[in-house]
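Each of the two complexes below includes chain A, the first together with chain B, the second together with chain C.
So, the complex of A and B:
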């Protein structure tokens, strides 16, 4: 499947400045979100409602961290980013992950919202780059999409399970899914994001982020309706203060405690070269 | 019975071979792609035959 009628790129050479900048930002946004997904999935290898979910969560974490490596390799090769610096040297406010992951995921409804809604959002963005005119991304995107099928299968299964239990379980799920959806809307950004438009007009992405958000809402609303629940989160209308580097309206980033554990700061002295 | 064809998840090539019946867990086999020289794992029973719960855009893959 190809989205390209415009010339293909073997590297960023020949790309317009907004296009190259937009590509780095969206790759970094996906990598940061996957890094935080990996961290939170990893935290849920204990305390799940059933043992199989803990095993699955461990596997989901492995998958996401593998995807981070693929994305960091692209960022390193084409933009000169240092993967170690991306992990260890940035301020929290330089992270471009979905804000839903900034804090501890406190309960299983939050986990399911993360697994279904947030994971799906990144998958939708990657899907929009399948067959991209930026050819170096092809192999990585295909591999990630293949593996994300299992992540999504797991998230949707648990979404169905919690929704059909009704009562407080269903209410908690609806609330967390709406929080996740609202956070994703913020992450995807405003309709007038020039860098995102440049990516679409160059054929690097097939759809702009607004279209991706609508498709995501459609996915979520469809499943919610099928299991007798309702999840709706209007996208923000005022994006003042939003930047593609941070992807949050009010700034901020992951909790320092999360970054401390994620980076293994307390074991820094034992790090291998 | 012949081993089912396992396409490379990196480059989609079908020029692959099985290297081991066990990978990092019991449920996967280790394969090698002769085209892009990548090692990769695949779930033993495959998922293409099994119906996963997915939205349409991922079903089409």
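So, the complex of A and C:
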């Protein structure tokens, strides 16, 4: 369905229930993933293979957290979500981020897989909302995509660098990229996600999540082949137990220790409000 | 009630913390609207993750709010059209060139 021929939405008023529900879930899924991306990028401000990468990690974190702020504002205005509660009051199992980010990213191959594969997955979802009939996202997505170009450039650059080194470096990269792709497949969900279809029918999204996943795989496989490596991650075929609220087949969520640091629990007494 | 020109001039005194330029020369102000004692400023930022958003919004409120006849200042933040370097004024480009930021 062409986005241009469908009516524009200034708010969720007039949307079907599955469409409004799907919109909240996908905005929250993007916000949660960006929140965890921001956390992990921030963690990698030190310990990178070179100082330049540390500076870049810091900048990537700032970008992601800015996008979280924007997405939380949309969730607040159109769905009544409290941004503070989204950060502080939810159980780990209520987070809808890409599961790859649930645990500490232990090595640089994991960082590169996160930066290239996971970051690009969220960007592809946002890209599918370019020209969206939901005007509030339509009015913000171009700026986010513009900023994400640098994230992708960084991720692809490091993927090339590690892949061409060969040996253990290449093997570790392949392994982490496959884990990341599998995790993203789970996050994007099953082909019969009714709410996702409703978003596409209403022109809120231009492409369904399966199409987005295939485009992401094409991107990763093409780059991998160009640098003499191979990344293959068949998508799950059985999505039983998957919900759009948690976006994981087996449930779960970010490690409590990660949430503790991310929320600033130990600094609660210093909060401004 | 101030004129649009007076509001723009006041905004010309609000300086970005990162560059030695006003938010007007940086092209961050998209419009002003004066209605009786209420003034609305529509503006953007160079990046969504800009850490100075709250500070600059406060500076805008203070600068415009100090104009005679202004009781209320609304600051609307927008991201469309996205800010790009093309929005920097000629004067701003000359200043940034002196600092080696923009050629």
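Going forward, the second predicted complex is superposed on the first by the 271 of 273 C-alpha atoms of A that agree within 3 Å, B and C clash if a C-alpha of one lies under 4 Å from a C-alpha of the other, contacts with A are read in each partner's own complex, and residues count from 1 in each chain.
Rule of thumb we're sticking to: a contact is a pair of C-beta atoms (placed from the backbone, for glycine too) under 8 Å apart; a residue touches a chain by one contact, two chains touch by 3 or more.
Bear in mind that the values here come from a model prediction, so they are computed numbers and not experimental data.
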Clash or fit (per the criteria above) of chain B with chain C on chain A: clash
Which of chain B and chain C A:191 touches, first, second, both or neither: neither
Contacts of A:143 with chain B and chain C, given as first, second, both or neither: both
Chain B versus chain C as contact partner of A:69, first or second or both or neither: second
Residues of chain A touched, compared between chain B and chain C (which is higher): B
Partner chain in contact with A:227 - chain B first, chain C second, else both or neither: neither
Touching partner for A:157 - first (chain B), second (chain C), both, neither: first
Partner chain in contact with A:58 - chain B first, chain C second, else both or neither: neither
Common interface positions of chain A, toward chain B and toward chain C: 139-140, 142-143, 146-147
Of chain A, residues touching chain C in the complex: 62-67, 69-70, 138-140, 142-144, 146-147
List of chain C residues in touch with chain A within their complex: 47-51, 78-84
List of chain A residues in touch with chain B within their complex: 120, 123-124, 127, 139-140, 142-143, 145-150, 152-153, 156-157, 160, 215, 219, 222-223
Residue numbers on chain B that touch chain A, as the complex places them: 9-12, 36, 47, 52-55, 57-58, 61
